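What follows is chain A paired twice: with chain B in the first complex and chain C in the second.
Presenting the complex of A and B:
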């Protein structure tokens, strides 16, 4: 079922929040950790509340409220979020406190805010939204399931709009732990040169992106989301192709209907081999752009990719800053996001012009 | 959209038993699973009772086939999900699109606690294998793989209502013709993280909890997992055994009142119950039994009771909180209680609310105190209320 993106807001490692120009300049990072560029929250959130909120909660609440404002909706019919890690900072604070104080932690604040549904709950609380509220914590398919839930809701009764978001944060501790797992590049690399490194590891990323989706068109839609699907641990490259082809069949399109691919390359040679093999076969001759040099690698990065896709469709062009020599010959009608997270979850999100 | 979704399999592990038969037996005999903490390594073991599953990690490992170093949350999940899956007979049908939708609040944090003890002293220390499955989603993936399920795997975490939302999501995936069958429910192990968290909130009773009692003094934590197997009408027709019941209604609402407490008038639980009733096409008078959220905290029971009064006055169905047996199993509770609800319909059972001495004076109703069987239970309402205002109600109906 087609859903219409009325508004979308992201806080990312690029200057994307409160910036009317679409990726007009890129922010360069030379370490393997990208950090969100945060706004001044005092305009969006009551300063008394800000003090208690962790970084992921602040970023998410500010994005959600801005997204609702842009769509001119006071309170949506549903709030659905997807986050693999949840509120890591508060989890880390409470765990540290508990271990160091030998199970006599003094304050429940971090515990209370560590639950994965805190973001959806805080947004509901601030705007007094009594409607459907759900949170997915499905690793690399968290945002995709939030999207699927939102799309199903929009096809059911009594729901005309849904606020849906994906978010994950890096904390100092999570970066140390994930680095020890060998996920990131050992040598300094510029994110703007990520795809020319041909080495092991990627760069750690984070971000928040919210969307206000409706089930009827308006004059103000940025783009449409036609469908979303995930598949789990495919056996081999042929299995991946079968899943992609099956998804396109359910969407009633062919490969050559796709005007632009947004692809999840992350700079890790082994990880990117899958994308390369698809580029040499089923994705052959379809123009594509990468996005993880902008936001880094994290389980809900496809929320950023969907924000990117919506703006590409609205502008009918990719930003010059992406330097990808892509100039559409015609209207960009269909954009397919394809990503895999550690070759565990693979996801497909089909977007179109309205 | 397909409209009917049926419960065709159930599986549960909790402080009162390691499977459906054992749990039913304890419910009938009035044997609570709440004891002095025995398995969790915690400084609070002498002070705070809890309903632990009565098996060590090594014993769980021997039953479920995971390594004993695996998160307890995953092992509990595996045991209950496998019981439900085998019980359903759906695994014998060929070529179905089957999903696993599991809920959890703790995920692999029991192992993360071990990791952190070493990690905080030295950032190069702590075994990575203890933190690699920290995420709730990783726990679900492990169990799905062992069950051989790939078509759809997802994880939901909305605090204490988590597995009610997993069951709703599973049902909707079937109604939208995305899946044919779903194992849906949730799992949570008792962990130091949650025990200390609830302890700092001052909501843990140092004695055995007394849900809906005037002198209730908080909740006891529990652990466990509970899953139902949901199928479409078509799949149900292929099975030899009759379904336990239909999932006839569900509703998710947010109380939007406070991060950890529910509104005085029970707006969230009221909307969840009323919405589920509307969806099922039933009137309040049609409900034969309510499986209460009934944690035993001052706030929950007042709020949930107020919502019940608003919706059901003056004709109250029978009701009880089985958390007086199992403790509060958090993200697993609605899964565990969905299993109890399906069994209540299949076998005509009303469960007792243990240790009720003085019913709450604010309300003209009181929970049942005795186990009874051979009742005509046509419709059961199961409530869940969580942190963040997340309230969900499910209605199960006799066929």
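Presenting the complex of A and C:
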């Protein structure tokens, strides 16, 4: 069932929040870590409430409230979020306190706000929404599962709109720990040159993206989401191709119907080999753009890709700043997002013009 | 007592992340809750932890809590009454 994107807002390492122009300039980082460009929250959130909010909560609440405002909806029928790491900063604070205080009672706010569903709850409390509220925590499929839940809710008769979001943050500690696991490049690299490095590791990223989805069309829709699917630990490249083909069959389209691919290359030679093999086979004829040089690699990066896809469809073009030499010959009708997270969690999101 | 009150104000501002309020702007007798500083029930828990961590004091009786957390001065009086001079 088609769902309609009434509004979408993202806070990312690019200038994407409160910026009416779609990626008019790219922000360059020479590091293996991309950090979100945060707005002045005092305009979006009551200062009395901000004091307890960690960075990921502030980014998420500001994005969610802006998304609802853009859609002119005070309170949605449901709030669904997807996050792999949750409120990691608060988790680190209360665990550190617990060690430092020899497991004596520790500061409660960090503990209370460390749970993964804090974000959905904070948004609901602020807008006094006591309807369906759910959070999906499933690593690289967290956002996709939230999106699928939102789409299933909208397919039911009693839900007309859903606020759905994906978010994850980097903390100093998580960056150190994940770096030790060899996930990121050891040498500083420009994010704008990420795909020419041909080396091991990627760049760490973070971000928040919210969408107001509806089950009926309107004149103000940015794009539609036709369907989404995930698959787990495919055996080999042929298995991946089979999953992609099966998904397209369920969507009643062929590879030729796809106008643009948004694809999850992250600059890690081994990781990107999967994308290259698909580009040389089933995706051979389809123009594609990358997105992880904009936001970095993180488990819910497909939320950013979906924001990108919605804006590409709305503008019927890719931003010139991407330098991808793509100029659509006709209307961009179908955009397919394909991503895998560490070759464990694979996902497909099909979007279309309304 | 005066130094303890000054210390307490700084500790409260840090513990409760009162970024828009300077410690010296908190009145000695200003109510911490309601119309005063506007703190809430979650802040009470933070103040209980503050007393435990900084002064090794426990507030176990809820009736005592109402008196102890009335203002910075009442917190200082509770600390002094329990034999703690300062940190």
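Definition applied: the second predicted complex is superposed on the first by the 352 of 354 C-alpha atoms of A that agree within 3 Å, B and C clash if a C-alpha of one lies under 4 Å from a C-alpha of the other, contacts with A are read in each partner's own complex, and residues count from 1 in each chain.
Simple rule for what comes next: a residue touches a chain if its C-beta (ideal position, glycine included) is under 8 Å from a C-beta of that chain, and two chains touch if they have at least 3 such contacts.
Just so you know, these numbers come straight off a predicted model, no measurement behind them.
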| item | value |
| --- | --- |
| Contact breadth on chain A, by residue count: chain C or chain B | B |
| First (chain B), second (chain C), both or neither touched by A:116 | first |
| Touched partner set for A:51, first chain B, second chain C, both or neither | second |
| Which of chain B and chain C A:107 touches, first, second, both or neither | both |
| Partner chain(s) touched by A:181 [first = chain B, second = chain C, both, neither] | first |
| First (chain B), second (chain C), both or neither touched by A:125 | first |
| Chain A positions touched by chain B in one structure and by chain C in the second | 104-108, 112 |
| Chain B contact footprint on chain A (complex, rising order) | 79, 84-86, 91, 94-96, 98-100, 102-108, 111-118, 120-122, 124-125, 127-142, 145, 148-149, 152, 155-156, 173, 176-177, 180-181, 230-233, 344 |
| Complex interface listing, chain C residues touching chain A | 15-20, 38, 42, 45-46, 48-49, 52-53 |
| Footprint of chain A on chain B - complex, ascending | 1, 42-44, 104-105, 107, 109, 112-113, 116-117, 119-120, 123-124, 128, 131-132, 135-138, 140-141, 144-145, 150, 152-159, 165, 169, 172-173, 176, 178, 192-193, 196-197, 200-201, 252-260, 267-268, 271, 386-390 |
| Chain C partner contacts - residues on chain A that touch it in the complex | 47-48, 51-52, 101, 104-109, 112 |
